[in-house]
Amino acid sequence: MGELTHFDEQGRARMVDVSEKSATARVAVARGSILMEPETLRRIKEGRIKKGDVLAVADVAAVMAAKRTPDIIPMCHPIQLTGVEVGFEDGHEPDGRAYLNVSVTVRCVGQTGVEMEALTAVSAALLTVYDMCKAIDKGMTISGVELIEKKGGRSGHWKRKRG
Amino acid sequence: MGELTHFDEQGRARMVDVSEKSATARVAVARGSILMEPETLRRIKEGRIKKGDVLAVADVAAVMAAKRTPDIIPMCHPIQLTGVEVGFEDGHEPDGRAYLNVSVTVRCVGQTGVEMEALTAVSAALLTVYDMCKAIDKGMTISGVELIEKKGGRSGHWKRKRG
Amino acid sequence: MGELTHFDEQGRARMVDVSEKSATARVAVARGSILMEPETLRRIKEGRIKKGDVLAVADVAAVMAAKRTPDIIPMCHPIQLTGVEVGFEDGHEPDGRAYLNVSVTVRCVGQTGVEMEALTAVSAALLTVYDMCKAIDKGMTISGVELIEKKGGRSGHWKRKRG
Amino acid sequence: MGELTHFDEQGRARMVDVSEKSATARVAVARGSILMEPETLRRIKEGRIKKGDVLAVADVAAVMAAKRTPDIIPMCHPIQLTGVEVGFEDGHEPDGRAYLNVSVTVRCVGQTGVEMEALTAVSAALLTVYDMCKAIDKGMTISGVELIEKKGGRSGHWKRKRG
Amino acid sequence: MGELTHFDEQGRARMVDVSEKSATARVAVARGSILMEPETLRRIKEGRIKKGDVLAVADVAAVMAAKRTPDIIPMCHPIQLTGVEVGFEDGHEPDGRAYLNVSVTVRCVGQTGVEMEALTAVSAALLTVYDMCKAIDKGMTISGVELIEKKGGRSGHWKRKRG
Amino acid sequence: MGELTHFDEQGRARMVDVSEKSATARVAVARGSILMEPETLRRIKEGRIKKGDVLAVADVAAVMAAKRTPDIIPMCHPIQLTGVEVGFEDGHEPDGRAYLNVSVTVRCVGQTGVEMEALTAVSAALLTVYDMCKAIDKGMTISGVELIEKKGGRSGHWKRKRG
């Protein structure tokens, strides 16, 4: 399309062209934590948070955010997700702080991977936990949001070391 | 992905994995009604509603809501719709109340069906009718929103009895 | 704005001007039902639906849909909601069918009412129930979606008769 | 689906059925301009607009709007874009006014073309330029928003004459 | 908030702070045109466009886009609109081409103006006309999208010269 | 509204009622980091990331996500933001890893605080950095996303200790 060559495209952000990539089954798993007061975790588990069942809402937030990722991450390709699963785990750090871990697995059959969908879903779940508990614990910290594993596509299988 | 097996996924809502399902042509037809005062129906048909042409706006609302279904229904898979058609019909119940029926046909070529898209579109159209006429008739009732027929996919052809 | 008077605005749908209305506290309550097989209700209550905890997801769907109402209902004014509450109730019809009722209360302090937000939230909750159970019961019917009560604004208190 | 034939579908807007069309690689290029005071262009280029780097924000607005086109254009089919690129060019008209041109190239592999995505992206970029500069130049005019070229699909290659 | 002063905020795009501005009644009127083949205009007016009633759909697109402006224009403030009206006008240019003009009036009571909402609504309406007619006329051009008049706020009344 | 008292609202998630709270000026500041390979940071700073100018896109992502927070965080109230500012800072950890810090300040005049908007904006910016650099560094970790300070509203001034 020669008539456009005089346009200055140097340095412009773009959604990189993946038209030539083949559609394959892809999976990505991401994980993240939120650190909180032990009393906050206790209330979450006992269902004593005024805004409602924290994990149930965080779970839905994760699934919906996975679907809306291309709306939130500007250069991310739109993808038709074929599956999203969310898991929770909790415990206590050696320093006495409590934590809640969120893990999200996202699947698709498409031309690009779903790493961003998994990471965005984890972030939305953790932010939702913050939102529902912030009346009693504003000091919570979101931490360790990272990709754990991905499969499919040209770059193949990737797995975090010492995940 | 063994490293995740210690996560508690019991009971969590999920977008169920359809990665293995094949993409086939699918159609779903849904229908619903809104009951109103006969005078309200008369004004709709005569174009005397202050907010504008009720059926034209309800029609657009239906098409747009069909596209946004995965944003509204949390565990619903995103699907690229290939067609949406809307139809209206009106009449009077034996008890004297008037009704407006909406029917929506949605099509796609994909891994899951479009029943939710058709039902969501019908609901959006009926809610839009309510919105545009509520200044004169707050007592309207939305009723009988249901799937009429679906075709395609593993579960094949389904048709409502005495639809 | 005289220069526009030659534009044909006859019959065009519009978002009616509420600039002159005063911001007051407003409440709307809407309700609706979904009819299903008794076995479907049993499974919902026992948490044996594969997609997850049906009422928890329907609850979140209702709150999120209330917030997105102006995106779904074309001529509806945007409003900053100040509260949304969702309730469920179930039982059996004389004819043996089971039902699940959803009720939503929406509040705002604004220039227009929140009837549409309450009705849209009820519809989203009922559609979500359909989505989560449709694998076992495609014949479910959404019924009786209607406004129960509203307070605030120029038209004051309105309450459905024999609600 | 004979049971629907009594519905009046005459004249209703529809998302036309493309289920039968084959998925092919498609490209569309659109272009548009915004005319402004020469001083406004100077400030854009020198980075002296209070709201920030105008072209960087317009670029992101274009890519995000391309993805959201089916939400903005009612009867437009949802499509999974595979690439979006944005270019800018500036200069002066013979009458002394300055202009900024925006060009957007959109790609997909799908059943319908991406002309609307390219045109919507161009419009969003130009509106963003207006937004970021309107404090100093309310008289700017958006002009010449048009399709330059499209490839792929049943209608094949189309190119604007004297583009 | 001294702890943040070491952050580099030079040149970053921002949503400029309007917290101190007072909420006043504001109005903005924008206008734009789409140029087309005379035959295209004839078909629009006779309702012979396959996708449906062009002006009815463009009208709804305008109102919905006005509401979604802060989602489309990155640095634009969210505003609760209190009214949106759309008008159409058509005719022929001296050179024989036909045109369709769209005019949109947007109102709010708020801390910033609604110029962007009016301009975005005009653009959405014109893009919708393009979408609905592009099967028969790909060469249409959107032109002359500009602010006509605004009232309210610190900058007061502004009116385009020779509008 | 006595007719609803028989509805089971125990434990349901809700958007808590803030109708009685007064609208006051509010500010929230949140911060977070992304850890990466030193080479990745070098490329970001030299503008050698294929997807474009990383900080410019992350900045826009933050502002847009702040506005969409109530769409992403289920029980979060909608708020009309009056200002959003984003800052970046980079450096190296003692262990040799590089970091990029993002800080976001959000303002509103409203009935609830903007902590969630600030935290969501920070998360969106960090996820965008991940997206734009993931082709060269999949091991990046998002860390330390937390509220730094908030002012306004009933709970008054809150500031993180040793922030």
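So that you can tell them apart, the chains are marked A, B, C, D, E and F in the order they are listed, and the count of residues begins at 1 in each.
We take it that a contact is a pair of C-beta atoms (placed from the backbone, for glycine too) under 8 Å apart; a residue touches a chain by one contact, two chains touch by 3 or more.
The structure displayed is predicted, hence computed values, not measured ones.
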Equivalent interface to D-E, taken from C-F, A-F or A-C so that over half of the residue contact pairs match: A-F
Degree value of the rotation bringing chain C onto chain F, based on Cα positions, nearest 5: 120
Farthest chain relative to chain B (centres taken as mean CA coordinates): F
Chain C and chain D, separation of their C-alpha mean positions in angstrom: 35
For chain C paired with chain E, centre-to-centre distance based on mean C-alpha positions, whole Å: 30
Interface hub residues of chain B, defined as touching at least two other chains: 12-14, 16, 52-53, 56-57, 59-61, 64, 68, 71, 74-75, 80
Arrangement of touching chains [line / ring / star / complete / other]: other
Touch relationships between chains, expressed as pairs: A-B, A-C, A-D, A-F, B-C, B-D, B-E, C-E, C-F, D-E, D-F, E-F
Interfacial residue positions of chain A with respect to chain D in the complex: 1, 3-4, 6-9, 12-19, 70-71, 74-75, 77-80, 110-111
Residues of chain B that touch chain D when the two form their complex: 25, 27, 29, 55-56, 59-60, 63-64, 66-68, 80-89, 101, 103, 105, 107-109, 148-149, 163
Sites on chain C touched by chain B in the complex: 11-14, 16, 32, 47, 50-53, 56-57, 60-61, 64-65, 68, 71-76, 115-116, 119-120, 123-124, 126-128, 130-132, 134, 138-147, 150, 158, 160-161
Contact footprint of chain E on chain B as seen in their complex: 52-53, 56-57, 59-61, 64
